[in-house]
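Next come the structures, one after another.
There are two complexes below, and they share subunit A, which is joined by subunit B in the first and by subunit C in the second.
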Partner chain A sequence: MANILPKKIQESMDKQMDAAKLSDSKRKKVSERVFEKYFGMKVHPGECVGIISAESIGEPGTQMTLNTFHFAGVAEMNVTVGLPRLIEILDGRKEISTPTMEIYLIAPYNSGKDIKKIANEIKEVKMKELISEISINIANSSLDVVLDAETLAELEINAKYIVKVLEKRLHGSFKCDTDGEKVITIKLGDKAKDLKQLYRLKESLKAVYVRGVKGISQVLPIKKGEEFIIVTAGSNLKMVLKKEYVDQVRTTTNDIFQIEEVFGIEAARSAIINEAYKVIQEQGLNVDIRHLMLVADTMCVNGKVKGITRYGIIREKTSVLARASFETPLRHIFNAAKQGEEDVLNSVVENVMINQPVPIGTGLPGLITKVK
Partner chain B sequence: MTDVLLNGRFMGTVTNPTQFIEKIIAERRKGTVSRNVSVHYDPRIDEVFVESMSGRLRRPLIVVKDGKPLLTDKHLEQVEAGKLSWNELVEQGIIEYLDAAEEENALVSFFKEEITPETTHLAIHPIDMFGIITALVPYSNFSTTQKVNTGSKNQKQALGFYAANFLIRMDMDVNLIHTPQRPIVKTIMHDFMDYDSHPSGQNLIVAVMSYKGYNMEDAIVINGGSIERGMGRSSYYRPLIAEELRYSGGLLDEICVPDKDVRGYKTEEDYRMLEEDGIIYPEAVVREGEVVIGKTSPPRFLSNLGEYQLASTTRRESSEYLKHGEKGKVDIIVLTENEEGNKLVEVKIRDERIPEIGDKFTSRHGQKGVVGLIVPADDMPFSASGVSPDLIFSPMGIPSRMTVSHLIELLGGKTGALAGRYVDGTVFDAEVQADLRKELSSLGFRENGTETLYDGITGRQFQVQIFIGNMYYLKLKHMVANKIHARARGPIQLLTRQPTEGRAKGGGLRLGEMEKDTFIAHGASMLLKERFDSDDTVVPVCEKCGMVAIFDSYKNKRYCPVCGDDGKIEFVEMSYAFKLLLDELKALCIYPKLVLGDKY
Partner chain C sequence: MEKKPAKHILVPNHTKLSDSEAKQLLEKNNLRREHLPRIFISDPAIKDLDPESGDIIKIERRSPTAGVAHFYRVVSRA
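Let's turn to the complex of A and B:
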């Protein structure tokens, strides 16, 4: 064993010894003790870290309360926590049930001034929210859209802007006009003077995207410590980070796949660890973070986030029997038979099945000399 | 307009539902409408329901009119004098039965003092909200609901006196307690149900203290002297039944001492208790494996009968014998015929059950526990007057469960035992604790029920006062003698060659999936293999084709059914379950080829 400690430990040890002004002989003694302690903590060869992690996460998991909802303060902003969330993370689900973001802002913006304005700018606004009434004028074959003045004022949008948006985003031939205040009149082009078209237009009108970041359905500015941050329902990391007032370093989301897309696999790994650890801590349970790190490592080892499912990391197993023993055994065996797969019986499950010593712990070492 | 439904069927409409209901109720009280009719109005859906069908749960209540209950002291006097009966009270409209739905329209007071102008009914006694058994829990209004509930459930499992003709009955799995006592602390329900004629517990002296850790985690410590004097002693009865069945072809079973040539003959010793008729004699002491009713059956398949074989050699042994762990004495024997005219023999076995470590006891407050230790009488703590407890109960069971009624019963039991009277512990109507304390102190004891005790082993005085008193304890039917089970070797299943499951079949204790994981987590690979060796087999495998081959032990020859004599056959050790998997794969037209190599 090389007598080398990790750099960080060595440095902090040296620093403390310098501060204490130790003699050389004492320094040697201290280093020996630290070295002994450090290597005593190391995992031994053949130690079954995977099962230990599984048991260490699984046992407290049985104590988790099912279907708990956590309200992040005000205004019906609920987030999935507890067992459902943990399953979501470990399964590597693409669509999570409650995506949310925590948007941090950079210096002048985070003081709370105009925070509501910034929040509203991020929120995705659709036409539907701005309309208080739509009436169909059959005679003119036009739509009279009455806007909700209050919402408009709150979001600081004026009718003229909406007209512009509609002309840009609404398909079809029509003419858009406004009285400048509340009412927008949409008149169909001469070509398509048809009641059906009018109805279709009415429906597509409601879904028109007006402003904000797509996917963010709710915003909630809250005070965290000294500064103001924005908590959202819905997540779109890529677009939010483009805003000039957003702190790109601290802003985060609970959608692991968005993090993977924007920052890469290492960030996704940390995200898995953080999210899973948060869930476990919220439940008042105590699981060593290194178990979660191991799980996150296995999920990310191929450079892509893969869940612990038969479509995810189980598919990556080389042993046919190991795959078959997890879920859908017949499918795995049939596919293996079609491809003429060979199982070299290298890992645990297969050896338990055929009743041979499992290659872990005392079953790991073999003889170097050939027995003949 | 409000719809009126009779038994769920639309009948018509009324304009004023309240008036309509009042009228029906008035008629019902008079008796012109059947007293079994219930009526109620649901304002949420604006419908009147009249119900007259069977199967509705109803309860009797005293009618209240203008803030005054109709049942007066005058009535009570008449009832007491025997001049007025319950049915007459119902007929006079003083008491009426409401079903669950009609209760929604009623406002019921529990006590006379609580009656307001809106009150429509008065409960006869608060105890009527409990079932019969739950009402047997004394002082239950001082405990949490859950514990009153478990207390009630526990009483149902208590050993008692289930039928006076038990001597001639043939019931399965019967337990009888030997010396049941009336509870000192009782409720009025005990009187109503004539509990005194069939009690199920015993009044024990209980000390609330620890005893060397043998009563931690709800265990109890029992005085060996009390057991010797008969405390908690019970009998267990189990019938063994044999029938002479008829089979096709005129064959039939025969109850007799089996011939030695019979297939499956046990040992001569096992049959020694049988008399000439093949049946054991009363009061015979039997142990496990010994035959109680000797019986032989015809062979399962007639084709098994060889031409020159004697009939007796082909018959099967099918006697009734005591299974693993059973013992007892023969109580009664019944010889009779069943409906089909077959000869039927029933033998009832009786076994005396003396409390042992692991037997379950409970008070009436859901404070159940198993015996953790039986202490010789001389080692039990004792008081200055020489009283030592029958049972030591751990105080740790009290705070988290909040069974205050348990403690009050202890106090009440002590007062009752010393004063020589019964104590009334009826829910919401019990003797007040303060009065009990006063009485206790007037009897010359400390009013809080504590006493100075001395260590039975050292003789030293305990530094604290011990809370000690009388309590009604019940022995529950879960006894170790019926549950104890262990196995080293034993029967295996035919298909998988793995051990059978369950105590009755002498099965193994399964080392399951999660237990397996713990072995792996410890790295105990060799131990794990050994634990899973229960279905270990050595299989000849053809190295050429990788399939299971054949070893002919007669000719001492190995050959492969596929490759013939060409293949090299090696013996491979594997679990039989895996061999079975290989067979199943072959049945699925998948070729599982075993590639052999050296292990080391």
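Let's turn to the complex of A and C:
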């Protein structure tokens, strides 16, 4: 058998042997011994790694619950951590409770000079934030909008820009005008005659999108090591990556489905591992990363991220009994009966249920001998 | 010539196996194509490889435990 060691072990072994200045014959001996050890440590065929992973993640999970609420709130922004976050990741939830991004910037922009300006450019701005007063002028049949000068100055938006945006967003059915400073008057256009429309507009105006990346509700520039990065609440990886000053290589989000969409299934797998491992480390717990890798691999095996739920990977199981043993047993059995499904009893759970040897460990003699 | 954008840290190297390489892999491990994990034909990471259904994609993952780990996925249509 070829003595091939994983790259990492090989490298660290070479390094130590170089440091000790071993002769070639001794090197060979060391290699052999290391390989022997490594081979002995390998997981055996038929080992029930899934159960081991489940227990290894589950047991620290019981300690996590208590710690959950005390550590909520990282860097002035509220981020879900602890058990709720872990459940969110492993269930493969599409809507996570606190999406955040870490936006890295490329060279000239990351020095922190215009960081506030860049951050404000990314933040989604809606009319609601810019309006200080809004009233209907019945005599003129117009809507008078008073803008908040302070916010305007802070975000470096002027009234003229808003007028332009509004005309575009309202599809020309209204006429907008400004006195140049802070008052915008919106009049009914030629097509619209009904005064009721003004009342409706008064409400809908607040939700009009003005500028920035949709979905990013908060921005916070922080210093990380030598450079400045922007941490956000809300996530929109696709649009953020389109900005020319954003680092395409390191910018990430905690929304696994956005990563899957933009970078593909393999990136999603890495993201699941990173996110889950981060949760466990934050709690000061120690879970071997291999367990999380196994979970992530299972979630991504079909080319799409699937959670460990009865709608996700459990649904993919071929055995009726195995599916029924997870959740909602009656429904699975009824449906199987209706459709005349067959169970060939290939896997573990169904064999446990009917008291037969399970195909793990010594239950797999077919691996080394011929069985009839 | 347009500069190719740098790859994201989360995206490992994807390469398409040639027919002979694919055959060798399957024979060596006593596998059939349907045993392999899947990757969608529309996956953004293999966009440039112009994949076809049934191709095998080799993925060189950076692994925290092994340094580099090779993984294979078969291209599947939706």
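Quick note on the criterion: the second predicted complex is superposed on the first by the 326 of 372 C-alpha atoms of A that agree within 3 Å, B and C clash if a C-alpha of one lies under 4 Å from a C-alpha of the other, contacts with A are read in each partner's own complex, and residues count from 1 in each chain.
As a working rule, a residue touches a chain if its C-beta (ideal position, glycine included) is under 8 Å from a C-beta of that chain, and two chains touch if they have at least 3 such contacts.
Nothing here was measured: the structure is a model prediction, and the numbers come from that model.
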Touching partner for A:C48 - first (subunit B), second (subunit C), both, neither: first
Partner chain in contact with A:I265 - subunit B first, subunit C second, else both or neither: second
First (subunit B), second (subunit C), both or neither touched by A:N302: second
Subunit B versus subunit C as contact partner of A:K7, first or second or both or neither: second
First, second, both or neither for A:Q248, with subunit B first and subunit C second: second
Touched partner set for A:A107, first subunit B, second subunit C, both or neither: neither
Touched partner set for A:R290, first subunit B, second subunit C, both or neither: second
Doubly contacted subunit A residues - partners subunit C and subunit B: none
Residues of subunit A touching subunit B in the complex: 46-48, 51-52, 54-55, 330, 333-334, 337, 342, 348, 352-364, 366-367, 370-371
Of subunit A, residues touching subunit C in the complex: 6-11, 248-252, 259, 261-267, 270-271, 274, 289-290, 293, 297, 300-304
Contact footprint of subunit A on subunit B as seen in their complex: 516-518, 520-526, 528-529, 532-533, 535-536, 573-575, 577-578, 581, 585, 588, 590-591, 595, 598, 600
Subunit C to subunit A touching residues, read off their complex: 5-12, 14, 37-40, 43-46, 59, 61, 63-69, 71, 73, 76
